[in-house]
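First subunit A sits with subunit B, and in the next complex the same chain sits with subunit C.
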Partner chain A sequence: MERRSLAFSVFIHMAALLLAAVILAPLVWLFVMSISPAADLSAKPLRWWPQTVDFSRYALLLSTVANSAGAAFTASLRNSLLVSGMATAAAIALAIPAGWAVSRTPTVGWSLSLVIATYMLPPVALAVPLYMGLSALGLLNTVFGLALVYLTILAPFTTWLMKSGFDTIPREIESAAMIDGAGLWQTLRIITLPLAAPVMATSALFAFLLAWDEFFYALLFTSDQRAKTLTVAIADLAGGRVSDYGLIATAGVLAALPPVLIGFLMQRALISGLTSGGVKG
Partner chain B sequence: MSGTWMSTRAWLLMTPLLAVMIAVIGWPMVQTVGLSFTDAKLVGTAGTFVGLDNYARMLASSNFQRTLVTTVWFAVVSVGAEMMLGVLAALLLNQEFRGRTALRALMILPWALPTVVNATLWRLIYNPEYGALNAALTQIGLLDAYRSWLGEPGSALTALIVADCWKNFPLVALIALAALQAVPRDITAASLVDGAGPFNRFRFVILPYLAGPLVVALVLRTIEAFKVFDIIWVMTRGGPANSTRTLSILVYQEAFSFQRAGSGASLALIVTLLVTLLALAYAALVRKTAGRAF
Partner chain C sequence: MSALDIIGVRKTYGEIETLKGIDIALESGEFLVLLGSSGCGKSTLLNIIAGLAEASGGDVRIGGRSVLAAHPKDRDIAMVFQSYALYPNLSVHRNIGFGLEMRKVPAAERDRAVREVAKLLQIEALLDRKPSQLSGGQRQRVAIGRALVRKPQVFLFDEPLSNLDAKLRMEMRTELKRLHQMLKTTMVYVTHDQIEAMTLATRIAVMRDGRIEQLGTPEEIYNRPATLYVATFVGAPPMNLLDTVADGGRLVLGDNAALPLPQAWKDRVRDGRRLVLGIRPEALQLDAAAGPAISATVEVVELTGPELVVSASIGRQRIMACLPPRSRIAAGQRLTFAVEEDAMHLFDAESGLRIA
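The block that comes next holds the complex of A and B.
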């Protein structure tokens, strides 16, 4: 490495501080709002740090007393967990056989390319028929119906990830097992799937994040506590008549916690996953 | 094993995925195409065949043209800024300094924050009466009176673009950083020995490694920006005075607010066609970048 001059070194450190401030300031402010008394948030000049720390909004939102703000929030939390969980499980179940098939038999790969190309479709292009279809099946405003619709987003993505994962497992290992007398299913169960377990976990976490983040279909296809997800509940709060901004911020913090934890947990996988397609060209 | 059996087996394994995809994407898409030639309403009668009327009316409407301009502006400015900020942040993170690992980990946060939470957060920051932006700018003396950042047609779109950039530039930075770390040390060392200045080093040594991953990020981000709905819906619903209305918001209004399923479908297909054309143009660009040796 070249020797850095003092001026350059100072510049690098200043720039790093600036970048950290840009990233952190809005997030720290979200948290500060959630623990500030309502009076502090509407004070002029604005109080940047609360005089007394107030965690009561967290207790309020996580309480399950009937007809409270908490009941609506916990219901949406449960719905988000259910929808994201079901959609992820279904997407992985579809992705494993399809991903393996494309990985081992490239001649059918064009069908996966077609599936992945649907990424370009704006959700609004599918919304009206999906709305009519769910309505005809009686699945509007149900977590099951929403999870089914989420497969439009999750399944192509997980299949592509699983296919890339299977590509890294040499097929010679599978052939060796078969020469030793194992059948196809046995080989897959004993050899391939255990080796693909890390990729499966990564794909599942990515899929869960995508479903947790989804807003458009949830806005259209859910209408009350039976199926409304967190994203819709928060948009309701933000656009509604809530006068305590701290409550909106608290809901935001709670909704952000699971994906942020997952994000930290899979930093490495995230970076390699996001770049592998690009670096290999 | 014979090739036919291999391929039959592969198709069998693909069947569940393909069946679900046809049910939730293929069939709805066919129906959207069908609807776009009718005057169907969202609920009630099926509507009658009107040929290409919907398309002609939508393409000629000033609403569509204005919305298209807004969408292109949003996509070009936000993606452009994200690319520049992302590369700059990556060049910084590729230097050695204390706390580099921690800073790199922080970059995950905006990416992981749900889009709706991000939109809500910035809506609170821009709040005309109690928002942090107004408070900060007045307290340091840059602003005389509180402004309604999202309430004025002149500033709303820019405010949205800032919120979108904040969430998305860290991802570009992480992608660019991974590419930078693939640049072999001896090549940069050799260019130093040969006396290359910082600009030439970036242009001829580093950029060739960055170009591929950056083009992929550019493609994905542009398609996303063109389809943008969530952040705009939560922050402004397309207002004020339709100044932040993008194509997806317009389709939503046509099909669901005004319940005109037929013309909504034709509009949705026009948007789909535009995104497809964009993707094809980019595909050509990717092929060119991959093939060029710089």
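The block that comes next holds the complex of A and C.
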């Protein structure tokens, strides 16, 4: 590394700290809100730090007593995990063959462009046809129906990501495997997919987050605990006459945990550069 | 029995014809080098032999059997790629053994074969490493090992040395030659490097624009180039080409320079015909007694170490000569070069073809 003056080092660190503070401030405030007594949150002037720490809302939301706020919340947590998980798994399962095919056969690239183009349509434009479709299939207010709708959003996105991932894997490696006698499936399983693991993990993570945060379709296509997802459940918390901001913040913290956890778990797979060394340079 | 027959192979991409009918028959144990500049179709031809590209016409036979309909894995070939194309996620051991693994060779037998090849290529110590932990030369050896271990009927090499530095390239070249002498397997080798072609090949096919310009042994290619293109492609520095006109038993090179027309060509060349006279730089000598002579004015003198490269001018034409390094020559000097008659090559100026 080149030599730097002390002042410059200080400046770099200050800038990094500032950036971190800006990004983390809302999260910190969310957490502070979730453990502040209700009175503190409505006090004037605002109390930035709670006088007493109050974790009761966490207990409330995670309780499983029938017909309580907790039951609704845990049900929506389960629904969200199910819907996002299923949609992500299906999207990746579709994206691997589709992305690979488009990457290795540039002449069919137009089909992917076409699919991506539908992506540009605003959800509002598709809401009514989707509603009628789901209704006809009897899939309204089910996790499967919602997962299916999410799949239409995730599959083009993941296919496109996977295609760019496959593009970086030299075709010669697959040609070599072919001459060595590997079948298509063996080539994919032993050579290509391990090399594409980082981009697969990235696609899965982004797809999961996209599904996890979706609100509009979830609001339209679900109506009760059987299928309502977290985003809708949190909106419900704010929907009554009296809004408990602390409760909403608590739900927010809890809703953020699963994606953060998945991100941590996938950290290793996200490290790219696994392809280095196979070909020159 | 011929090991590899390429019969009238053509390849078209839409309107563009990249291979315009290639015919080559290789005996078992031959080392064929496809030599040409980029875009001449040599890699396409190799890919057609390998089965990675489809021919638009013609036939490819390996051991007498047409393989055009066969999958690459069923053609009994192995290929070494320019980029090595190692499997980055597998160990060197598994990289080399991959072909055997896919062919369901038992693990013990596979291990023995891999170790044998590794020993041959001196990469035994690297078997547990991943390709990313190897140097360029080592990767090249692994790629060759992966081809060797399968003991195929034909080896295909696609510019295997072009990513190595000059010193390593020379070492690997010698090694490849040694391997070929030992294994006596048929090899097809694509390169644009004329030194590789000259040193490795038993036969060279010089390709240009989808055609074979000349197919012959390295000696034939060097000593009797069939066309102007072949003449300039092989040899460094390249052959001197001097525009000339036949006139009364002489080849007129300029205002007051001329060489006598060698006896062998006398009845084949009419007066006034435009020709190109080719003389290899290393065929020019300072000893005036060696043959017909031309005089030239020295412009630049470069000492490469083993030889002195002299650039000189004959009227408006340039000529290069490779002379012994001890020669005392200075720029501006007037020199007389002697050429033996059989070191002269004569080409038709229009068609570029050799005049026999």
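Heads up, the rule we're going with is that the second predicted complex is superposed on the first by the 229 of 281 C-alpha atoms of A that agree within 3 Å, B and C clash if a C-alpha of one lies under 4 Å from a C-alpha of the other, contacts with A are read in each partner's own complex, and residues count from 1 in each chain.
Just so we're on the same page, a residue touches a chain if its C-beta (ideal position, glycine included) is under 8 Å from a C-beta of that chain, and two chains touch if they have at least 3 such contacts.
Just so you know, these numbers come straight off a predicted model, no measurement behind them.
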{"item": "Which of subunit B and subunit C A:Pro123 touches, first, second, both or neither", "value": "first"}
{"item": "Partner chain in contact with A:Ser5 - subunit B first, subunit C second, else both or neither", "value": "neither"}
{"item": "First, second, both or neither for A:Leu148, with subunit B first and subunit C second", "value": "first"}
{"item": "A:Ile191 touches, of subunit B and subunit C: first, second, both or neither?", "value": "second"}
{"item": "Contacts of A:Ala182 with subunit B and subunit C, given as first, second, both or neither", "value": "second"}
{"item": "Partner chain(s) touched by A:Ser243 [first = subunit B, second = subunit C, both, neither]", "value": "neither"}
{"item": "Which superposed partner A:Glu172 touches (first subunit B, second subunit C, both, neither)", "value": "second"}
{"item": "Those residues of subunit A which subunit B touches in one complex and subunit C touches in the other", "value": "274-275, 277-279"}
{"item": "In the complex with subunit A, residue positions of subunit C that touch it", "value": "50-52, 71-73, 77-79, 81-90, 98-99, 102-103, 130-134, 136, 139, 146, 150, 163"}
{"item": "Residues of subunit A defined as touching subunit C within the complex", "value": "170, 172-173, 175-182, 186, 190-191, 194-195, 274-280"}
{"item": "Interfacial residue positions of subunit B with respect to subunit A in the complex", "value": "6-7, 9-11, 13-14, 16-18, 20-21, 24-25, 27-29, 31-32, 35, 42, 89, 92, 95-100, 103, 105-117, 119-125, 127, 129-130, 132, 135, 138-139, 166, 170-171, 174-175, 177-179, 182, 192, 212-217, 223, 226-227, 229-230, 233-234, 237, 247-248, 251-252, 255-256, 261, 264-265, 268-269, 271-272, 275-276, 279, 286, 290"}
{"item": "Contacting residues of subunit A [partner subunit B, same complex]", "value": "1-2, 9, 12-13, 15-16, 19-20, 22-24, 26-27, 29-30, 33, 41-42, 44-46, 93-95, 97-98, 100-102, 104-105, 107-108, 111-112, 115, 118-133, 148-149, 151-152, 155-156, 159, 209, 212-213, 215-216, 219-220, 230-231, 234-235, 237-239, 245, 248-249, 252, 255-256, 259-260, 262-264, 267, 270-272, 274-275, 277-279, 281"}
